[in-house]
Every structure is written in structure tokens, then in C-alpha cells.
Amino acid sequence: MKLYEFMAKEILERHGIRIPPGQVVDTPEEAASVASRLGPVVLKAQVLAGGRGKAGGVVFATSPAEARRRAERMLGSRIQGYPVERILVEKRLDIEQELYVGIVVDGSARRPVLLASARGGVDVEEVPDAELIRRKIDVRWGLMPYRAREVALRLGLPRQLVPAFADIACRMYGAFRQYDAELVECNPLAVTPDGLVAADARLNVDDEALFRQKQLPRVHDDTPLERKVKELGLSYVQLDGDIAVMANGAGITMATIDVLQKFGGRPANFLDVGGGAAAEPMAKAMAVLLEARPRALLINIFGGITRCDDVARAVLEVRGSRPFDLPVVVRLVGTNEDEGMRLLREAGIEAYRSMEEAAAAVVRLARGEA
Amino acid sequence: MAILIDEKVKLVIQGITGRQGSFHCRQMLEYGTRVVAGVSPGKGGHEVCGVPVYDTVEEAVATRGANASCVFVPAPFAKDAVFEALDAGIKLVVVITEHIPLHDALDIVAFAQERGATVVGPNTFGVISPGRCKIGIMPNRIYCPGPVGVAARSGTLSYEVVASLSLAGLGQSTVVGVGGDRVTGLGFVQLLKQFERDEHTRVIVLVGEIGGTAEEEAAEYIKSLSKPVVAYLAGRNAPPGKRMGHAGAIIERGKGSFASKVRALRSAGVAVAELPWEVPALVQRALTA
Amino acid sequence: MKLYEFMAKEILERHGIRIPPGQVVDTPEEAASVASRLGPVVLKAQVLAGGRGKAGGVVFATSPAEARRRAERMLGSRIQGYPVERILVEKRLDIEQELYVGIVVDGSARRPVLLASARGGVDVEEVPDAELIRRKIDVRWGLMPYRAREVALRLGLPRQLVPAFADIACRMYGAFRQYDAELVECNPLAVTPDGLVAADARLNVDDEALFRQKQLPRVHDDTPLERKVKELGLSYVQLDGDIAVMANGAGITMATIDVLQKFGGRPANFLDVGGGAAAEPMAKAMAVLLEARPRALLINIFGGITRCDDVARAVLEVRGSRPFDLPVVVRLVGTNEDEGMRLLREAGIEAYRSMEEAAAAVVRLARGEA
Amino acid sequence: MAILIDEKVKLVIQGITGRQGSFHCRQMLEYGTRVVAGVSPGKGGHEVCGVPVYDTVEEAVATRGANASCVFVPAPFAKDAVFEALDAGIKLVVVITEHIPLHDALDIVAFAQERGATVVGPNTFGVISPGRCKIGIMPNRIYCPGPVGVAARSGTLSYEVVASLSLAGLGQSTVVGVGGDRVTGLGFVQLLKQFERDEHTRVIVLVGEIGGTAEEEAAEYIKSLSKPVVAYLAGRNAPPGKRMGHAGAIIERGKGSFASKVRALRSAGVAVAELPWEVPALVQRALTA
């Protein structure tokens, strides 16, 4: 779960990191009023998209009138598809240098890493490797000040800023652990005449840990359909084809999509019903898939934890409660496979043991070649 | 021979009284795994499929000599369960549980390293040395013994590949799921190392997917390997960005894409299959080369 | 720093541990009013003394009138020398069993330990070793629920209470770390028909960590003189003799007192000026010592970090600013010893290099044998 | 021979630019200790008594080959300093700083153990192998080389005892302060072990005090020792309770008192002196026995 900039900043401020004076607004009038209080300001669209600056989501205003005009134009516009509903209006900083500092999980090192660069303000992916410092963090001890100081020195920061940088990095790590973050980032961490200020901030929280992060706000970053399926505990991404796909496991779902493409089909979605999917949520997920009006449906189940008979019953249940005339192809192998196949065939549904045959069949059906 | 597990395993199942735990307890028993104990706090004294249940792993180790654990405990409590197993001296813990918080996985991996233990997963289908021992949730009947070592990120996709291997008469030494999560205990590189040393394994199959850099690191390591490697990767047409997001991209820095992985593996001499069912032919070719 | 029971309970409650309903009062009227709200109550004197129960500091009342009477008698009384200024009035619990659970630092194991016993409610020192469970805790990982469950099982707790016990122990450990505690204790942790309740609680905080425990209340547990010296950063305990003692280091201060006793003298205090004592606080400490009107003063300095010339100057400074006619003996060895001896002798103060001679001299002087 | 330190020490002083750090830097140099570097964040490039100052211990190790550290850093920052030294690969850290929070000391000890390193202190006067090397704050001139190994809890009291030994012509192999705090890295038992192995040490002197159970544990260990041990303990007449309080008493459970310690040591065959200046005679007797 990504938090909006203003939320991330609020949290970092509570952890003792300095942020610019500012306020979130959702009307041009408020923007003007904040600007009249703060002087020259920056208006930042609160959207979850990256590269917001290039898309016009970050603009300056020197007067309340200008702030109002800018806000008017920004509110209701879209940035990379995201509607701008809120603007963070902040006092414009006098920035001498922009640093990057982030804490993120490195899956290959199996550890959190501190990332830092003297070239902040841009997408960190664009910073050349040689200018990005990485330091692995031992979760048993956390990020210690000496390590952060060493990084600050290597960034070439002026000596008097080294303790402040170390302090910020350690506090960021504190927030990273406390909020089950995947990522905490200040980009840029601005060097100003008054010291270091988090001019922009991100905090992405591990979805799997939300159950114990009750104090955090909830932010949704998906289409209504995606949300609906996610609420069923499944993993869903919308695509633009016409063959609805449902499979069990991220790997086999991706492979199914790859195979369909290879066979000339156009998948309508990525839907992983997961290893432990029970009949009821699967039935609901199928119902959701059908809402998008695909031309055919492929269910590809290689049973592990998932039992094939559950899958078969789910298919029958959906058809029973909400009859559909769309062609359905089921591929079924694994635990309780015989029982699953029997149930489907008895109900007259096309079922295969081979993925190749099933994929070929559904592509044919979607083309109306029946 | 095989890697990680064989007939010497005495398994304790943590979370044995749950729906999945008890179902797969029976499956593992049927496969021939010596399931010597179950653990379920508050349920000590019960039995599941004839297996005695204890309140603590310590008891299971002391009373039944358990030396490996399979964890089905729900995600919020899984870290505690793995720590308990490791603290009780168990050196192989297979964590089936999915949806374990990322920071818990970090802790699990660090604690396992500290104890010199191996954690497979989390979010793994498990480990199987066909004909000898199975710890996990994979279907029993698709495996057969043989010279192919398989390491996979995704469960069902590995079943797909393994089933096609078995159908082609190509048995497996050991099949291991590294787990689908961002942070897992055992990785491709450690498995390649073990397969290289295992005399029974003659060819290695990697079943990978987009995201992360595990395949690229494996490719780097494969350059020093004497045994042939075949790979299949899922995700050529996966929607970009959605899966890993920004946090992953920062670390990956250009790696992690389908193209990057295929390039890395091919340049390390790996035969990469285009479709899952093409794997057996490539393995056959490697075996007879 | 010891916290009062009610403070410790407030903190544990914030950490999710159940405590009895109740309120701190400092008048009989309030006690009556709390009792009228809670029904049968227990009145507990808020003093830092142990063994409060046996000394009449814990009494029951079944009616508001009785609560008022009891409070009247308790307030203003003394328990082991401590005046009772506040009473915690709590709903009387229906206690089925009293457990002990504590977390404390084991200096010999160099680790925190979890201590638990099924025989709580008494002084834990009185619980036989065989009935006290100890489990060392790795600070890198903290107290994990499985360990606490194992302890609960070993205590023989009914199964349904095991998770609650584990939860409480883990939360106690959380508080232990968060507040730099030397000790966190629930004694008794009461088994009631509604579950586990912390019927009494202690939380002792490491004095050396108070600088970073700004959110905790401050509790003083020393005589005014002790406090005065402590504020100078020195370690002081009042005794009942007539020879004031000042030495540098806890060990040598204790040894000095032992030697004086052995020589027939009666030390008036324990004052360790510490290793790094500078002239100014030492001069102030001396001034404080003189306030207690001893018959003689022995200063025993074996210089390590402490420089003998600083000590000599401190002595001279005090004598210069507040002339005193009390006999003073100084024993001075170590860093800058020659300079120190020279300064003292030039000022006409008795100074020795040998502890034996100095001790003999001051005992003689205190007896008026000059 | 000696224990812990000798001529091979290349010392880095952390907190070298402070008042105590610079004063004792000079004292150590005068004693002959090879102080190769100082560390003081923000002061890299300076010099103290001719010793180059660096911003980090890593630099001091890389540039000057430092292999031991002496920490004078103020208490709130001492944990960070010790961790830095240990993380830079230093295997002997002598922590002079007093008033370090208890929980920081717990962390320091755990981290040192993890790294297989020795921490002396906190709140120690240091370690000296007379005539060879000194790391600490003890006065230079009271020590002389010889066969007596000394382990002490309190600094000044050990000076008292050592001065009387030297005066009696009884030199020291190594004198170590375990530190006055409740939790310290090195304890009596580890020191006894090392003195037992050190061929130059012929008799061991323990300077203890009331509180804690270090002397009782030492007594237990001494039973297995071949070398004679002499002890002096302070605190016979110390006000009860004030020093350790409840938290200590729970753990000690009757141990920790003067009587308990004397009893334990005597029953282990230790000669316990009644007055500090009686130690030399007891040592002499042990040497000639």
C-alpha cells in the first residue's frame, strides 16, 4: 500500500524528521489561503503516480492569486490516469542541493538496504550505479548512526550536516520497521540554509502486514474491479484482451497468459486464485471476471493445496446461480483431479488435462471458431 | 542421493490441526514421509492421522526426535513458529504459509542464518526427493525418481514442468520450491551449489519468473557450474510495474524483466524453453550431450 | 528510578495489559467517592517500600464509609519511613491464583531474563529456586511468544490462559526495552474469572537512561542531602557516623569505610566522587558533606582519571570560600600526585600517601585526639 | 607473555579529541602504547599528540592497521562507538565510558559475542600488561612487570592493591578492570581462564566488591584452577540494599553479600585479605608455597 506524499510526511515528521511547512487542500480557495500564510509556495498534486513533476503535478506560485489559479487548473485534472483530488501546498524551500535517501528491502541480499545519493530529485533508477551508495542493514541491530555517518561522508556532505543526515536516516529506518514498510524514501532530501528538510517523501507499506498496522490510513491504488477481487483475497490485474483467465499461482497464471499470447489469444486479465483458494471466493472471483464481458474463460488449475473438486464445484456453483452462455474451458490436474474432471464433464463443461490443448481450445472459442 | 531431504527426515508439522495442516499431513504420510509429530499450541495430547500432537516444538524434538519442520501456521503467527523450530534446534524448516509480512520474513532469514539452519520458503510448495521423502503440499503422483534437479519459484508452474518431465520419463533427484515471496530463506544459488555436489543430479531445471534478480544471480553462478541447466521463465507478457512496484525497481535497476533474465541465462549457457512443455526435450538433449 | 505502582500500571495498561479499575487519590473523600463507584475496593499506599502489605499499606474496604476511614488512617502515616501521600483505590479482584512474572537484567548472564512462578503474591526472593522459572532473553530478538507459552505451560496454567500469559509477558518485555527498565514486574499477576489481571506492578528504570526517557515521570527516592549530591553527578549514601568520607570510585569508597570501621572509626557517609570528577562538583560535594556537621573529614583519592592537583585545588577552594575548622585528612596518590601534595602542604593541610596512615590519622582526629 | 594485550597492539582511541581522550592519549603514548589513530566524528584530519584523527574507525583500521580500541565517547553515544569498532573488525574494545545505559550495555555485549570479540568494561579503568602495553586510564607509574595477574571490578581500589604489590616487589603480568557496571563484556571467569593459560602468571589476585554474583561464580571456577588465587573484597560495612536494589536482589537470591562472597571464595581455597595492604603478603605466601 502506497501512502500519499502528505501522509508519508506526516509520519516522518512524527518521527522527528523536518518537513516543509504546508497543508493539504482540496479547493483553490484553501490553496490561496495557505499561500497567503506561507508566502511563495509549491503546489504538489497528491497522486500515487511516479514522475509527477514532469506531468505538471508540481508547480510554483508566488502569490495567493497565483496559487488559486494553479490549484484550480490542477484539481480535477488527471496525472497518469490518477485524478487529482488533493494538493499539498508547501512553503517553497531554498534548496542548495538535492539528496536521495531511501530504505528498501533487497530481496536478493535478504535484508533492508540504505540507499543514498548526492544526486537526488530525479528518479533514483536514473542515478548511475557508481553514484548510488548501498549499505545492507542487519535487522537484528538496525541502522546505527556510525553507518549513516559513513554514508553521509561518502556523499561528500559538508561536515556540519553529517550528524543531521545520520539522524534522519536512522529515524527513517525506525519508521521503516515500525510501519512494516517496503520502502521509505526522501527524494529529495533538501539541503537548505536551515539544514536538511524532507522535500518529498514516500512510504510504501507491505500489504501483508496491514493487519497489524491499524493506525495507518488506508489508501487504495487499483481499479474498482481489482479492488473487488482483492477483497476476496485474490491477486488481480486488468489487461485489455478478451479471454478471461483464472489460474492458481502467480507463476502458472503468468505462464498461461504467455501461452495464450503465443497461441494468438488476447488475455483479458491476470487472476491468481492462489494456493489455498476455497470454493466460495473462487466462485465470487469468477462472477467478477464475467462482469468484464470477456468472449471466453480459461480456468487453468494444477492442484497443489488447491483441490480440483473444489474448483469444479465453484465453476458449477457460479453457472448454477448466474447462468452464462460464454464458452468456458477448464484445465484440471492434481489433487482430487479425477473427481473434479468427473463433476465438470457430468455438467457438460469442456475439460482438459493438458495445458496446451486447453489453451488452443479457448483461443479457438474466443475467435468464435467453436 | 538427493539434496536437503531423504529417508532420514523425521518431520514435525507445525499447525497440524488446521485444515491444510491435517490434509497435507495425510498426504505426506501417504507419500512415505516419516511424520513423527505435530505441534499446535493448546492441542497437545491430541492426534492427527495417528500422529501425536504437542504444545511445543521442544517437546516434539525431545520426545520424537524431530529433525525437520513443515510450517502451516497462519501468517500472523508464522514467524513465531519458525523461530520456535529453529530455537528447538531444527535445521530444516519448510514454510508453506503464504502472506507472511515482509519484515517477518527478514527476521526469519536472519535468525536462520544465525542458527546455521536452512529455511525453505516462505510461500513455498515444499521440497520433495521423489521416492524418498516429501515435505510440502505438492501432489504426490506427478513425481518420479531420476537425475533432474528442479528449483522453482512458483508451485503450480513447477508441477506443470515436473509432470511433463515425468511423462517423458525424466525423473527428479529433488524438486525444491524457493518460495514466491520477495524474501526467502533458500535461493537458486544455494540450490545450484547443492545440486552441483549431488552425484545423483545430472541436469538442473530452473523454473523462474519475472521480478527480483534471482535468475540473474543464478545465471552468474551457473557460469562456474559443471552440470547443464535448463530454464523456463513465466511473465513474458505480464503487465509491467504492477507486480513489484517501485521498491523492487530501485533495487533491481533494470534487472528483473523477462528480457534481462533470458539474456543473462542464455549468456551463461542455459537452454531456455519458450513453453513449459518444451522443457523435457531440452533436458533430454542436455542429458545426451 | 522506581516508579510508583500506579505509574507502572498506567504504563502497562498503555501496553495492552489489563489492570484493575481504580484511581489514585490523596484525600479520604476521594477514596470514598471511588469506592462508591467501584464497590468493594482495596486501598494501596503508594510508597516505594517493599513489603508494603505486611506494614499495613494494603487494606480492604467494602463500603464508601469504610474506604474513607481507612484512607484517613493511611494518609499521612509512614511505611518503612516513607510518608503515604497517595493511595491507589482499586476494585477488589476475585483472585483464584497469584502468579509472579518479571523481567529483569541478569548481570551474570549478561542478558535480560524472564522470571515466572506459580507462587506469586509473596516476595519473589522467598520463592524456592525450584519453583521459579528463568528464561534468558536474546536482546536481538526479544521475548518471543513461543518461549512465553512454554513458560506458561510449565507454570501449570490452564490451557486457555496460556496465550494470554504469553501476550502479557511479551508486552512486558516490550515495555522493559522501551523504557530502559531494570525491572518490570507483575506480582501478583492475578488469575481471575475474567482472565489475567496485573494486580500489582513495578517498573524500575535505569537511572543512566533517564536522559532519553523524557516521557516518563520523575520519582525521587532519596533524602534531600542525597538528592543534592546526586544532582552534582556523584553517588552518595548517608550513614550514621561522624567521619565524613569522600573517595574516588565505589570500590575504594567502600574499602575506605571498611578500613575506618576496622580502625574503630564511624563513617558518616558513602560519597563516591567518581572517576572523572572535576574540581567544581567536588568542591560542591564537600560543602554538602560539611552541612551534616561531621567531626572530621577524610578524602581518599587514588588518581586514575581524577587528577590529584584538581582534588587539592577543590579542597582549597572550599576552604577559601567557606572557611571551616574541622580536621581534614587527605590521602593522595596517582596522576599529578606531586603537584597535589605540594598544593595541600603549602596550604597547611594534612596529607598522606598511605591509606593506612590517613585512616589512622582521621580516626584519631575524630576522637579529638588531634 | 601476558593476557589480552602486548606489544602487538595498535590502538585507536575513540573520542580522542575530548578532554579525557586527549589527556589519556598522551598518558598511553608516554607508557609506550602504540596509539596509531584517533577517531572523532567531524574531526577527521586533525591530530592529537601527533596521532592522526579520523572520522570513522573503518578509516583508522584501513589506514593505520588499528587492531584494538579504547572508547572515551560520552555515554549516550558509546554504544554506537563500540558497534562501529566491532563492525570495523576490531576484536578488543576497552570501554572507559561510565554511565552507559544498561540496555546499551546488553546490546554491546550481545554484539561483541556475535562478532567473537572481547569488550572490556564498560566503566573500566582498562587493561595493562606492565612494561608492554597499556589501554586505559590507570596511573602509569604504579605498575611493574611480574608474575601476578590482577582482575578487579573497581579502578582506584585496584590501583591501591597494585601499588602495594609493586611496593613489595611483586610485579604484574596483566591487570584488568572488568568494569564497575552491572553488565560488562569480560568477567572474572573468562579472565581466570586466560590467566590460567598464561605461563607468565603464577598467582592471580581478584579485587572484588559486594553486589552481583561475579565473585561467587569466580569461586566456583577457581575450584578447577591450578594457580593460587588471592582476593580482597570491599563492602563489608556498605549500607545494605541501597546499591543494587530489588532488581539485583531477585537475580542474586542471597548471593551478592560480603559474607556470601567471602564464604564462596574461602571454600574454593582463595586467601581473602582483610585490608587492602595485606594482599602482598598473601601473594608472597602463595608464590613461595
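Letters A, B, C and D mark the chains in the order given here, with residues in each chain numbered from 1 onward.
As a working rule, a contact is a pair of C-beta atoms (placed from the backbone, for glycine too) under 8 Å apart; a residue touches a chain by one contact, two chains touch by 3 or more.
Worth saying up front: this structure is predicted, and the values here are computed from it rather than measured.
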Path length in the contact graph (chain B to chain D, fewest steps): 2
Which of C-D and A-D has more C-beta contact pairs: C-D
Distance between chain centroids, defined by C-alpha means - chain B, chain C (Å): 54
Approximate Å spacing (C-alpha centroids) for the pair chain A, chain B: 26
Residue numbers of chain B (touch at least two other chains): 107, 114
Where chain C touches two or more other chains, by residue: 140-141
Arrangement of touching chains [line / ring / star / complete / other]: other
Inter-chain touch pairs (all): A-B, A-C, A-D, B-C, C-D
Interfacial residue positions of chain A with respect to chain C in the complex: 140-141
Contact set on chain D toward chain C in their complex: 20, 24, 27, 75-76, 96, 98-104, 106-107, 109-110, 114, 125, 137-139, 142, 152-160, 163, 180, 182-185, 187, 207, 209-210, 212-214, 217, 232, 234-239, 242-243, 245-251, 253-254, 274-277
Interface residues, chain C side, partner chain D - complex: 2, 50, 102, 104-108, 110-113, 115, 124-125, 129, 138-140, 177, 180, 182-183, 202, 204, 206, 208-209, 211-212, 237, 239, 247-252, 254-255, 257-259, 261-262, 267, 270, 274-276, 301-305, 333-335, 337, 355-356
Residues of chain A touching chain D in the complex: 140-141, 144-147, 149-150, 153, 159-160, 162-163
Complex contacts: residues of chain D adjacent to chain A: 41-42, 55-58, 77, 80-81, 83-84, 87, 107, 111, 114
